[in-house]
Every structure is written in structure tokens, then in C-alpha cells.
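To keep things simple, chains are lettered A, B, C and D as they appear, and every chain counts its residues starting from 1.
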Amino acid sequence: MIPPQFDYHAPGGLDEALGLLGELDDAKVMSGGQSLLPMMKLRLASPANIIDIGRIPGLDTIEERDGCLRIGALVTEAQLEESAAVAERYPILLDTARVIADPLVRNRATVCGNIAHGDPANDHPATMLALRAHVIATGPGGERTIDIDDFFHGLFMTALGEDEILTELHIPVPPAGSGGAYVKLERKVGDYAVAGVAVQLTLDDDGKVTRAGVGLTNLGFAPIRATAAEETLLGADFVPAGGLRGAIEKIRDAITKAPGADEVIAAAAQAAADMAEPVEDRRGSVEYKRNMARVLTARAIRQALARAGAGG
Amino acid sequence: MRIEEGFTIDAPAAEVWAILSDPRQLSELLPGAEITERIDDTTWEGGMTVKVGPLVAAYTGTVSFMLNEEERSAVVRALGQGKAGMGTAEMTMNSRVAALPDGGCEVTMDSDVTVTGILAQLGRGMTQVVSRRMLQEFVKRLTSALENEAKEAEP
Amino acid sequence: MAPKTSADICGMGHSMKRKEDPRFLQGKGNYIDDIVLPGMLWLDIVRSPIAYGKIKGIDSSKALEVPGVLAVLTGKDLEAYNLHWMPTLMSDTQMVLPTDTVMYQAQEVAAVIATSRYAAADGVAAVEVDYEPMKPVIDPFKALEEDAPVLRTDKEGQTDNRIWHWEAGDKEATDKVFEEADVVVRESMHVPRIHVASIETCGCVADFNPVEGHLTVYMTTQAPHAIRTVLALVAGHVGLSEEKIRVVSPDIGGGFGGKVPVYPGYVVAIAASVVLGKPVKWIEDRMENLQADSFARDYHMDAELAADADGKIRGLRIKTLADHGYSDAQAAPSKFPAGLFSICTGSYDMEQAYAEVDAVYTNKPPGGVAYRCSFRVTEAVHCMERVVDTLAHKVGKDPAQLREENFIPKEAFPYQSPLGWEYDSGDYQAAMDKAREMIGYDDLRREQAEKRARGELMGIGVCSFTEVLGAGPSKDFDILGIKMFDSAEVRVHPTGKAIARFGTKSQGQGHETTYAQIIAEELGLPAAHVQVEEGDTDTAPYGLGTYASRSTPTAGAAGAMAARQIRAKAAKIAAHLMEVSEEDLDWEPGKFSVKGAPDRSVTIQDCAFAAYTNLPEGLEPGLEATNYYDPPNLTFPFGTYICVVDIDRGTGEVTVRRFVAVDDCGNIINPMIVQGQIHGGLTQGIGPALFEEIPYDEDGNNLAGSFMDYLVPTSMETPAWETGHTITPSPHHPLGAKGVGESATVGAPPAIANAVVDALAHLGVTHLDIPITPDKVWEVLNEKGVAE
Amino acid sequence: MATHQISVTVNGEAHAAEVESRTLLVHLIRDDLRLTGTHIGCDTTHCGACTVLLDGKPTKSCTVLAVQANGTEIATVEGLAGADGMHALQEGFWEKHGLQCGFCTPGMLMTGAALLEENPNPSEAEIREAISGNLCRCTGYVNIVKAVQYAAEKMGAAAETANAATDGEDS
């Protein structure tokens, strides 16, 4: 498989990249190239110009600053996997990175590219929805911040303008008592999700859910934020009397043993399933996928709760 | 693959039918569609370009219209040949405009779509996704066309 | 069993490290795409996106404008040389390039020849083909309905889509057994179309020398000699006669049956080289490979077992529909259109059996390649092993116990099966005992009962298969009339080193090592001193190639026989050297000594030197022999596989927790290699059992046309295989060996399927078609009300 | 058609090449540099037969543009062994029968080499995970895992000996 002809440009700075993007006809921005190049090799995409942002300095950092985890445009999935900050405070991101494609692809695939590609089968979108991330888009007029909720428009379609480059993702630092998990069902390693669910929760000292984020992968024409599931979880009480601090000893058992916890989880899982809009394909029927939204949501909630407890 | 779609629109059936039964107007409303030449009474030559993000599929081919003015129904048959080995796309659509008591009308479009080649093979519901988005865009354009007409008609 | 030879000689039974490995490990293998010839051109193929339709026109003009594109070949161009059709190995016909109609998606429509890989690809994209699509026939059952359109209108006298009808066994007698039986169980099953998916795709470099009229084709073929003959038959009329054709099979990156047939790409590349007078390279990409060739299976089977109330099997009845796609392009022995499917009575003794198969044309690519399987044995074993489990569950017996009670007893060998096979040897109970012990069968059953009580789903699957391989005896086995013997030519050089050439062709089986070990075993020459060569028709003796686990049973035997001929001559020389008579000699590997005086001896190396320097009078110089081995029978390896699965009640995912494989392939040449073959075969068993399938939609689109959807198992899905063996030598093979390469592919899918069904049996589930994907399992869990 | 002048270091040797924008790294390696140990198996980043080390990281070279590799260090199977002929991993694959047809082997070796560089003592699960982007159709992976373990042990022992030697010098 050979890609069609195109002109390759490797700008040395962001301004130059934006200039090229404005000047050139039919140009596509490439970072890791792990989604775009296969599409070009299949001749499904044939842009006349490729602007490789891979040589722009300063875009490959991952750092916590000003209340946000900032992931630069060139940060690879492998970098995410190796980050101590991610392992400690954003286990949901680690969950997500580890199930994307395979370890070799993850050496080149970028987190921001995974978002910018706008593929509802990609894994990061659901997680970013659950984490309430912000997308930083840089265009000729400078930076603008796009709420992740407004970012995904449909298959391969995003809020990113044709003259913009996704330069950073901002993830608010989770408050104490937070925990998250991403659970993906795949047919084998390297497969797109049959379904995937990201859940990020924050519990207060009494074990009540004060923040909830639920995102769904490959269950619709765009990544879905399961707001109905979030609403069901908000205010729910997952720790028995005595509060979280009291239960810290056997936290994993204590959590979800509060009266009614199973019912809340089931209701939230069902609410997520009801919001899913899957299509039938080789991965299963609509009914199956909808049920997987339910099953995986419940599993992700339990894991998120366990992590919230462990972290609290 | 069968795709059944329908929508109601706040415009008289006759006006909507006038647009839907005119291949040139219809092609203007369909995103990416183009009619280039008339071959005979019912058949036209044209093209269709589907763009989904970086993915581009371009087809050229023919489309024929069998109209039933009395029932305000049409049978549209299209056959497109994809460029660069993209495969073929065939569609037979039965469309119908029915007046509603409130003065609006209901449009139904039942299509039998056959897509061959890589787009159909890569699956992931691509055909459904694309056709649904095209329909949404089509309805949007149709609505605004009708609104414009209404405005122009105003004194 | 302890080896007879020392580690220096490394004959049979030694786990000798492979002689071929250093070149592969250092990136110095020589695979087809590594071959570059001076002036070489590139060929790339325009393929049909539709499954069925007329070609209204092919416009090459834009392609010819692409820089580097030299020519575009179409069916019309080939028609001028009458090269647009070719015979298949099953005496059907197949288009090389179409002149008016395409019959399946991804069919070759035109070929672009260019100065580079990239230019050829651009040329392909620029060829415009105008199709008039027609409604394809995809469902094989519908293909047989009366109103189905006849697909092969090119075949004179073809009035429907049936290719052939085949049957084995006594129908009436079998029906009678069924009428009298206490219990009859029945399952309908589909073993779907799958793909060998060797990591290397197919390809060739065709090099026609217009001055000498000589054609050399380097190609990924498992059967170079047979292919040369086919090429001579196809292209003889344009002056390519067999002595002017040389087929060279270089290192092959996996074959598994997919590299036996002749595909249109090879023929087009040859035609292009002849037309342009330059070497032409054609290499498939993965999507072409997964869409156009190397397909296996696709058998729809209705199987019934008749038994006594206590589960004693009395009879088997199978009705099968075989979907061959557009052409019957199997590579099966010509007298066996349904391959060796009649091995379906398996490891069990019964009174009667009857099997029938109808083959049918559909708008799919030609199927029927053997995916690591000896001609439909996989389908036969799957069918039998599944329905035996159904019987066990029906009569309330443990599936292992029911098998034991029905095994052909070891005293009954050689055993005559009701469908006409003479099984050479077997001890099925021994393999079962060993497998049960290795896995701790009784403990697992206890664990299962406890888990079941808690609502957890765990299953134990058993499969006791009998393979039939080593095709084959010339009275029954031929391909296009060529008898299925195989050959070896062994030449010992004066310094006691040897070269051995064979008619087979390794694709990873390790022939360079195992054949050397066979020669070492027989001659006592160190295996390290035996150079093995295969795959060049100019040098190797004629043979039918490597597939269907036939190399050891045929060419391996030929090697042993040739070595024995050499030993016999060496004995004359030894007698001459020690001035005794031949009858006074003792032989031990590598050495002749005088009976009663073991100190007086000469080595085989001494004899070799003397063969060129100091011969007894009247004896022809040199020390070499050629053997064409016509096996007296097939070999019948067997085994018992037991696997344990856990099922996720939420998602329907099946996890293979443990898998024990006990194989019996008779005497073992290289235990390490045999174990490797089993490991690989098991992995190609779990693939079809849980992941792999080539499905088509109703429009004939192949829905698994890349590795995105054709799910080859990775290291994460593959369990840590546990292997064991028993040894029951073949009584007729010179080394007592049987084939082994495919046993595991045959035995693993039913073991896994049986385990999944076993996990669900208490819910009334009796069957699930492979591949058993999570959604399929979940649908059952949901229906039975046990989904999470 | 735009072409680019690039320079890469492959197995320690500097190479300059003129490539099209679209030239894939694997074709630069195989067709231009004639290092044919790196194979092509799937074209869609699933099989890993084309794995090379790009600045030390295992990468599927069929999905990288040659021009993207400009200025990088590339390691292929041909450079794996030092002057002594066989890398411990190559030895491991030979000893443990970690290859059959050999087609996926170079990719497996490069992935394995990167793993051992990063994690000198990987568990079976870590090895399986590391090679999960490399498909093998022949071996069933069990022996590949053993081959990597063999190499890890051998390299560990070698490192220990080296350390012991150094310690000896220190004392």
C-alpha cells in the first residue's frame, strides 16, 4: 500500500506551521501519523500537503501547572504511560493510553492527535469528556480554548478550524477524593473498542459524589458524554455511616457497600446505556453494544470509586 | 442496505414536491452532489463527492428519476463509479411528499443502498453515518431554501 | 525415547537447533520481496470493487500518463495469447484476467507494469473501469435454489450452481442404524471461511529471457515442481516448454496451504515478463491477500449421531454444503473433491457412517485452500467432536468418559473405518489418560461444579481427534494426474559431507534440520554435515511439495530410503576396505565393524572417501542415491486436547485459562521442532475458534479485508500452551514417523468450542458456531437470562 | 513532485538519500539501503514485521515517512549483533526455537531488544504485552517469550559478571 503523492512540510515553529496551514491548499496537519498515514495508504485520504508538526520544539511536554495537566501536541501515548504525574493522579489516562492500539504504535501516536482525528472509536475522547478537559486550538489569531463538550461534531469532524492546530489539552487537576477509570472491551489487542467507558468521580469526605464525568467510546457517531449517568451519580452516597475517613481501613470493601449503592450504580449504568447510539457492525448488534455500555459503565464506576477511596 | 428516513417540514406539499422532483434543484440541496448533463428525459449524468474529515470519496455516474406527479412520489435510481478504485455506490430511493393537516408536509425517503469496495468493507457503520449526515444537511438546506423562497415571495 | 545416535551425529530424537535459523535471525533470509534483478519492473493489480458485474470498459489512458508506467495489461490483451483462462488444480477453470465479467470482489481486472513500486500503485489508481454491477449470489443455499442465476455461464453444460456431489459410506445401512438407535442427536454447524494469513503475502519475480526463451520464476510456492508443470501446461502453446521453465521457491514467510495454488497474479507477472522481456515483480499487499486468495473451509454441515441409550455410538450421518466461491480451485487430490472429509468418523468405532457433500459456486473468491489442514480434516474433526459432545450431554455422560467408551481400541489397529480408511496405528486411551492427568481433569470438574453453584461460567472442553495425512499412495492420490509421491536425492561427497535435495519445500517447518537429522540417523553422518536444499526445480528431484503435513511421511521417508541405499553401497565398500564379506559387518550409526571384532571398523566417512578413491571391482564410483517414495498408506496421528475456559457473564468474553495438548505423531525426529509445530498449530486453532472469519455482506463485500478486522491472535490472546506426547509408531513409515504440522490446528477449535458449550450446557446450550465471539456468547447469556 | 534530501544513521552508519515526500521509511530501508531483514507484513500497523528502532524506540516503519526519519538513528536487525555475531536475543530465539518461517522474527527481535534495554528483567506478562504489536503466525508465542527470558538471563548474568569485575577493581 502506497500513499498518493503529496508535498511534505516540516515547519520549525508554530507560526511557520500556521502560516503554511493558511497558505497551502488541501493541507492536513500530522503529528504521530498513526491514523492519517494508514488512511492515506488505503487512499481514503489524499491531502495535497502534509504539515508535519513533529519538529516544532516545545510541544512534547506534559506538566501540571496552574491547576491543569497540560499535554502538548506531540506528547505520545508512551510518554503518557511513563509519566509519574499521570500514574499518580490520573489513573484513568493511564488506563486509556494502555489500551490504544499496541505498544509500538503508542511510541508514535500522540494524545492530541487521538483527539484531533475526531474518530468516535478513539479512546481518549471519552476520557477527556469524563475529565472535562479543554482543547487549546491555535490559529492565526492566537489561542482559543474549546470546551471538550463542544469539540466533537461527528465522525472525523471536530470544532477545530481548518486554519487551526490542536496545540494542547488541559485537564483540570482532580480534587482530593477523586478517582477515575477507563474500561474498554476489544476483540483483541489493537482493535477499536466494541465499547469503552470512562468514568471520573470526586467524593467528598462523607463519601458523596460531588463531581461525575462519564464518557462513551464508539457508541455513537461522535464520542458521547453520558450526562444522564453523571446526574444519577451526583449526590449519591457510596460510603456507609462514619464517612470516608472512618472507612479508610478497608476502603475497597466499604465503598459501594452503602445502602443503595448497587442500585445507584445500576441506574447510572443504565442511563449511560440509554444515551448510547451504537450501530451494528462486526463487533456486535445494537443491543449487545448498548448492554456493553451498561456493563462497562458499572465496572468503570466501581473501579473509579475504589480509586477515589484509595486516593482519599 | 435499507435506509429509511423521514421528516416533516413546515411548507406546503406542492412547494416541497416542486423542489424534490426537479433534479437540478435536488442536486443543489444534496451536499457534494452535482448534475452535469441530461442524457434523456429521465436520466442525468452527475457526480457525488463525500467528504468526511480527511476521508474523501468521489463518484461519477448516472441518476434517473421516475416521477409520479399525482402521488407526489418518485423513484430515483443512481449508480456511481468511485474514483481511484473506491468502488461503486448504487441507490434506489422511493420518496414521497404527503400533505399534513396542519399545512406542512411529511417527506419519506426509503432507500436501498449498495456500496461496494473499501468504504463498505471497512465497516464501522460508515455508510449509515455518512447517509444520515447527508440527510441532516439536506433537510437543513431544504428548509432554508423553502424559507428563502417564502421570503422572496413576500412583498 | 532415547536417541540412537550421539549428540555429535544428532539423528532422530535430538532437539537439534535449527540449521536455517542464523540467516533468519540476522536478517539474511531471502524472501520473495528481497529479490531484485537488474532491470526489474513492478507489477500492481487493479481489482474489482464489486462482487459480480459486467465490465463495460477499461480506460488505461490516464494510467499510461503516470510517469514510470509502461503498460497496462487487460484480459483482452491476454486473450490474444489465449492466456486469459487457466485450469485450477481441481480441473476447473479460472480467469486470469476477465474479458467481460467479474465474479468476485478483489478479482484481478488489469495489471499495471511500471518502473517502480510507487509508479505502479499510482497507475492502478488511475485505471478507470466502468462496471455494471449485478446482484451477486453470496449465500450458498440460495445458490442452489431453482431461481438462482447460473454464475458459470462460461462452462458449457452448466445449468445450475452445483459443482459436484460426493458421497461416502453405505446410505441405506446407515439409515437403518439410525432407525434402530435409542438416541439420535443432531447439530447444524458452519465452519466459516477463514484465511491462512501468513505474515508474508504472496508474490513472485518472473524473469523471461527472450533470447533463450527461458523463464525463471521466483515465487512463494509450497509446490514448485507441480507449479512448473502447471505453467508448462498453461503456457506450452506460447512456447514455454517445461525444460525452459525454472521455478525457484525462496525462503517462504509462512504458507499454511495458501501458497499451493496458482493465482492470477503469478500468471500475469509471467505474461508481463514475456511481453516486456524484462524481470517483473509482483507482491500482494495485505488487503489483496486477505481479499483475493488463500481462503479455507466454508463448510455448512448437518451432523447426526445414532447411539445406544448408554452412549455407545452406532452410526454417523453428515450432509454438507461446501461453498467454493467462483471456482473450484482447491489444491486437493483429484479423486477427493471433498478432500479427506470421510475421516469424519474420527477416533470412534461404529457400525456405519454416511457422508455427503455438495459443492456450490457463489460470487466469492475461490476457496478450499487447506489452512494448515490435510484436505478438509479440520471440518470433519470439528463436526464429529462437536456432535460427540452433544451426545455426551444428551445421555448425561462426561464427555471424556463417553469418548473413552467409544474409542477404537488399540488392539483393533490396523483399523478399517466404515468410510474406507485403514488407520495405521493408534492408542487413543493413552493420549486421553496423559491429557487428563496433565490438566487434572477430575479436579477441574469439581471446580466447575462449585463455580456453577455460584453462578460462574467455566467450561472444560475435550477433543480426541484422528488426523489423516501424508498424501499419498499413488493408487489413490494425484494432482492433475501427477502421483503424490515425493522424493529425495542424497549425495555424499568424498570428505564425508553430504547434500540432500527434496521435492518438498519448507515454509518454517525446519526441513533443513529435520531432513539432515533423518540422513544422520540412517548414515551416521553428523546432521551438521548434511546440507539440505529444496525449492529449485532445476536441482531438486520432482516432488509434490509441502502441505497437508506430507513432508515427513513422503519426502522424509524418501530421504531415509535414499540414505539406506547409500548405506547398502557403503557396506560393500566397507567390506572391501576391511577385506571381509558384507554379511560379516555390523552397523552402528556412522560405523561398520567386523562381527566379533568391534575394534576393526571403518567410518561412513572412510567409505565415502573410498567411494571416490578405492572401490571394489565392478562397483560404480560415487556415493549417492535418489528415491521416489510412494507411501503404502497414509499416516494417522492423533491426540487428546483438553482446555479450560472462563466466560465473562458481563461481556461474553471467553478466556482460555489452560490448554493441554497431548499429541501422538509416532516416532519423533526433532522434539523441539515438533513441539514448535504444535504450539503454532494450536495458535492457528484458537484463531478460528474465537477470532478469525472472512464474512461477506449481501453485496459481496469482504468484511475482514485487513488485519483491522481479520483478527489474528496476538501474544495477549494466546495462552501458554502445555504440551505432552505419547508415541505410537507408524508401522509402515520407514522411520515409524507420522506427520504432525497440522494436528493442532485440527484439534484445537473443537476443544475450545466444546469448552464454551460445556460452560453453558446446564442452560440447555448444545452448540455455538465458530468463531465464538463475545457478542455471540452474550446473546446466548442474555437469552438464557444469565447475562450480568 | 517534491523530494527531500535526508540523512539518517542506520546501524551506526551515516546515509544520505533523496526521497519523495511519500516514501515510507520501510521502503527507504529495504529498497534504497537494501537492508532486507526488515519486512512488510500488513501495511496497516497491525503486524510489526517492519519494526525498527527509531531513536531507540521500536516503531512500525511502514507507517513512518522516510522524511520524518531525517536526522534520526535507526537500528535494524542487521545491526543487532555486535562483532561477535549473535546478540543474546538472537541466541535466545535460536536456543528456544522462537522462530519458524522467520518472517516476523526481525520485528520481534527489535521489539525485544528495546524491551530489554528498558526492562532488563521482564516478567512473562510484560514480555507478552511488549510483543503484542508483533504478530507471529508460526510459533504460538510461547517460545518467543522463552527466548526473551533466555536473553534477559544471559544479559543479566553478563552484567553481573561485568559488575563483579568492576567491583573487583574497586576493592
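We take it that contacts are C-beta pairs under 8 Å (C-beta built on N, C-alpha and C of every residue); 3 or more make two chains touch, one makes a residue touch a chain.
Quick caveat: nothing in here was measured; it's all calculated off a predicted structure.
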Exercise for review: Could you tell me which chains are in contact with subunit B and with subunit D alike?
Suggested key: A, C
**Study point:** Pair of chains ranked first by number of touching C-beta pairs
**Key:** C-D
Study note, to complete from the structure: Separation of the C-alpha centres, subunit A versus subunit D, in whole Å, is 31
**Study point:** Approximate Å spacing (C-alpha centroids) for the pair subunit B, subunit C
**Key:** 50
Check your understanding: With chain centres defined as C-alpha means, what is the inter-centre distance between subunit A and subunit B in Å?
Key -> 35
Exercise for review: Indicate the residues of subunit B shared as contacts by at least two other chains.
Suggested key: 84-86, 118, 122-123
Check your understanding: Touching two or more other chains, which residues of subunit C qualify?
Key -> 117-118, 125, 285-287, 703, 706, 708-709, 714, 716
Check your understanding: Which residues of subunit D are in contact with two or more other chains?
Key -> 20, 22, 43-44, 46, 129, 132-134
Review point. For this entry, which pairs of chains touch?
Key: A-B, A-C, A-D, B-C, C-D
Point to revise | subunit B partner contacts - residues on subunit A that touch it in the complex | key: 4, 28, 36, 39, 42-47, 117-118, 121, 154-157, 192, 221, 279-282
Study note, to complete from the structure: The subunit B residues in contact with subunit A across the complex are 52-57, 84-86, 118-119, 122-126, 128-130, 132-133
Review point. Residues of subunit C touching subunit B in their complex?
Key: 46-47, 49-51, 105, 124-126, 128-131, 133, 697, 699-703, 705-706, 708-709
Study note, to complete from the structure: Per the touch rule above, subunit D residues touching subunit C in the complex are 20, 22-23, 27, 30-31, 34-44, 46-47, 49, 76-78, 80-81, 86, 90, 93-95, 97, 99-106, 109, 124, 127-129, 131-145
Review point. In their complex, what parts of subunit A are in touch with subunit D?
Key: 1-8, 10, 33-34, 37-38, 40-42, 50, 52, 54, 78, 101-105, 107-108, 189-190
